[in-house]
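Scrolling down, you'll hit the structures one after another.
Look for chain A in each of the two complexes below; its partner is chain B in the first and chain C in the second.
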Partner chain A sequence: MLAPGFADPVHDAQGTFRAVMDALARPGLPQRLDAGPNPPAPLTPELAAIALALTDADTPVWLDADLAASSEVAAYLRFHTGAPLTEDPARAAFALIRDPARCPPLARFAQGTPAYPDTSTTLVLALDAIASEAGLRLIGPGIDGTARIALSPLPDSFVAQLAENRAGFPLGVDLILTAPGRVAGLPRSTAVTEG
Partner chain B sequence: MSAMGMLPRDGGAPDGAQVPSPVRERDRVRDAPYPERPDPSPQPSPERERAPGASEAGEAGYNFAYLDEGTKRMIRRAILKAIAVPGYQVPFASREMPMPYGWGTGGVQVTAAILGRADVLKVIDQGADDTTNAVSIRRFFARTSGIATTTRTTAATIIQTRHRIPETPLREGQILVYQVPIPEPLRFLEPRETETRQLHALAEYGAMHVKLYEDISRHGHIATTYAYPVEVAGRYVMDPSPTPKFDNPKMDQSPALQLFGAGRERRIYAVPPYTSVRSLDFEDHPFRVQEFTEPCALCGASGHYLDEVVTDDSGGRMYVCSDTDICETRVAEAAR
Partner chain C sequence: MATSPLHPGPEEIAARQVVMALCADASRDDLDAALQALAAPNAEDLRPPETGLVMATGRIGGDGRPFNLGEVSVTRAAIRLPDGATGFAYHLGRDRTKARLAATLDALWQDPARRARVEAALRSAAEKAEAARRQAARRTAATRVEFLTVARGED
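Up next, the complex of A and B:
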């Protein structure tokens, strides 16, 4: 049977969005994310909550190999969001990534255009752990001085890829990072270096 | 004269539950000219039965905060991209709202998309909590969402504003939502949207500097006093909405998140907290804000932005704080 979505669609979606908005507005400051849904594995509650809060028929969604392998995940997302699933990362408005270690290069996702940089992909990654005040060093809008954030696991050569992503500003992808009960943001405006 | 004491107030503390229900208020207005008329129906009408719920959970028949969930998702996605690219104008599918364009429909849509049950909303119009636009927007959200409203800058989590930034410094976690009429700072220099898009893409802002230079050549100083262009995070030139340039320095490195909504022009843009906002200027003509020679006539504050109030028909006038909350707070403290 199909797993249920938000228990309270209006207020759960609002709470999830505010956590994501605060996370992107304050990179390096992880926010609490009380994810309501209990989706089919390997979709995590945090990925599901963000998908339910932000995607719909207007937003093509790309699933990584782990998620795409499960027909239950596709059925769950299709039913609850109505979002079309795409196999082309360059067409995706959102990308859900369950296995960050095997995330495709960031450059393969939509980067936006110089006139419309907002048309780039937003990547939502499920990590095991997010911790602040250690790890990568962040500078940029939303950060008072510098911030630090420890993420695991990370995609290959993540910092080099983020540097390339930052260099293309205002083009580039934005990252929403989740871990159980937490969400952090890495917008394209953030400069990331090894700690 | 104690103008402040006469002003209608929604109350200084969160008071959403006390906002009179719209139905009862409508009845009162209708009944007002005929106080002697007996109540035609002692039975509670369906409207009356609905009224108690309206003050707690929002107006019956409407979604929380008026907008449907699909519209909120669309606006929320635009807000996230606006935060990721500070100062860039994200197009969005602006809706018809139950108020005309020009009355803050952009700000109202942004507020409706971010608002949650725990939020406390303040709305100001030119700094004042008690003008028509501010009162009706605050009441709109009290009706449609049942959330708490306030006039206290310090008590608010979301402040929707038309043309001012509160004098009280904002803090982390607060969100300032601006109502924007013309989001494109280059619009009066280049009317074509296709061209202004291109100019932003190329970061080609020479025309704006020429405009400011022409001010200097004509007036001897930069004569732009409101909607003074700013450069955000070293990249996009942005219209701060028609706030007086007095407020521009408050935008720089503000701990609060700043969101801008233009309803008619269908654009949303943002300045994240702790982001550089630099007013455009020249080395030999640095940016300067307005200065006022006299203090506020009501609270005696200097260093606040003042409104000129004409008090009679023989040239009498007074200068009072445009920010009614801080002015009232100072008057109350002095009276103690």
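Up next, the complex of A and C:
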């Protein structure tokens, strides 16, 4: 059964865009995300809000195994966004990841090209919890000194993968992390080290 | 191939197109009356009705090369009934209420048990649309000019 999308498409999408923009401008500082939609499981409201706000017919979307297993999720995204679904992470503009523990290595996603680094994949991960003031240490543009962020669950060897991602700058993927009611950004310009 | 909601047969598609074309011709009041007669359940918006522009394509003489006639405003609606049936409608113009009514009728029509009742409820709208079309044809016919070649007697 097809589920409704945003109740107020213009303002809900703008609000979501603003939250994501602020999150990426201030890495490690979680923003509030009032997710409107009530999507079919296992899609979370935050993943759905970001997908509805950011994807369209020009942005191939890659779904992780959990999401790809549900035909309702595919139908929901296809109806509300018109975005083509792709099975190749290297061709995706956005990747929706419901189960971060089984996220493929970041290097398997599109890294962009030196002339067009913006053609890389933006990963949207659904975490259980995001907390600031503890956990990983972040340094980089948009951060005054250092910021700390605790994520759970963390993908395998996440910090090492992020270091590798950072080393390839200006190429690399950007990460949008969501938890119930919150969103945080981890752009490729941020250097992440363990606590 | 078996006819299912996701893979309707060509006859079903044609019949649905006829009903939707009828809804497009009908006025908002006609559609409202038809829905009242059906005692339709409340529909939920899948996507609130929205108005946009669509490029209308024409063909010279009806079968010539296609050309872009111009942009027309189109309103689309997508609704869901409490039983999960979904209905869609695209209408010329900016009448969101009308597009939504037509989408509701579309959802009701897709249920084979309700189909006959939906068509019966739309019958008066169909008759009105047919009468309007006949009258327009009569008016146009009255202005018809017969061109004929006048022999000039040069031969």
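Note that in this section the second predicted complex is superposed on the first by the 195 of 195 C-alpha atoms of A that agree within 3 Å, B and C clash if a C-alpha of one lies under 4 Å from a C-alpha of the other, contacts with A are read in each partner's own complex, and residues count from 1 in each chain.
In this section, a contact is a pair of C-beta atoms (placed from the backbone, for glycine too) under 8 Å apart; a residue touches a chain by one contact, two chains touch by 3 or more.
All figures in this text were calculated on a predicted structure; none of them were measured in a lab.
K.L.:
So, on chain A, is it clash or fit between chain B and chain C?
P.N.:
When both complexes are placed onto chain A, chain B and chain C end up side by side without any clash.
K.L.:
By the touch definition at the top of the document, which applies to A:2: first (chain B), second (chain C), both, or neither?
P.N.:
A:2: touches chain C, not chain B.
K.L.:
Per the contact definition in the header, classify A:30: touching chain B only (first), chain C only (second), both, or neither.
P.N.:
Neither chain B nor chain C is touched by A:30.
K.L.:
Would you check which partner chain A:80 touches, where first means chain B only, second means chain C only, and both and neither mean what they say?
P.N.:
Only chain C is touched by A:80; chain B is not.
K.L.:
Identify the partner contact of A:39: answer first if only chain B is touched, second if only chain C is, both if each is, neither if none is.
P.N.:
A:39: touches no partner chain.
K.L.:
Give the angle at the C-alpha centre of chain A formed by the C-alpha centres of chain B and chain C in the superposed arrangement, rounded to the nearest 10 degrees.
P.N.:
80
K.L.:
With both complexes superposed on chain A, which partner does A:100 reach: first (chain B), second (chain C), both or neither?
P.N.:
A:100 contacts neither chain B nor chain C.
K.L.:
Using the superposition described at the top, determine whether chain B or chain C touches more residues of chain A.
P.N.:
Residues of chain A touched, chain B against chain C: more for B.
K.L.:
Can you work out, in whole Å, how close the C-alpha atoms of chain B and chain C get once everything is superposed?
P.N.:
9
K.L.:
List the residues of chain A that touch chain B in one complex and chain C in the other.
P.N.:
9
K.L.:
For chain C, which residues are in contact with chain A within the complex?
P.N.:
Contact set of chain C toward chain A: 44-48, 50, 78, 80, 84, 86.
K.L.:
Touching chain C in the complex: which residues of chain A?
P.N.:
It comes out as residues 1-5, 7-9, 79-80.
K.L.:
Residues of chain B touching chain A in their complex?
P.N.:
Residue positions touching the partner: 63-64, 69-70, 72-74, 76-86, 88, 90-91, 113-117, 197-198, 200-202, 233, 235-236, 253, 255, 257, 270-276.
K.L.:
Mind pulling up the chain A residues that touch chain B in the complex?
P.N.:
So the residues of chain A in touch with chain B come to 9-11, 13-15, 17-18, 20-22, 24-26, 53-56, 58-59, 93, 114-118, 120, 122, 140-144, 169-170, 174, 187-189.
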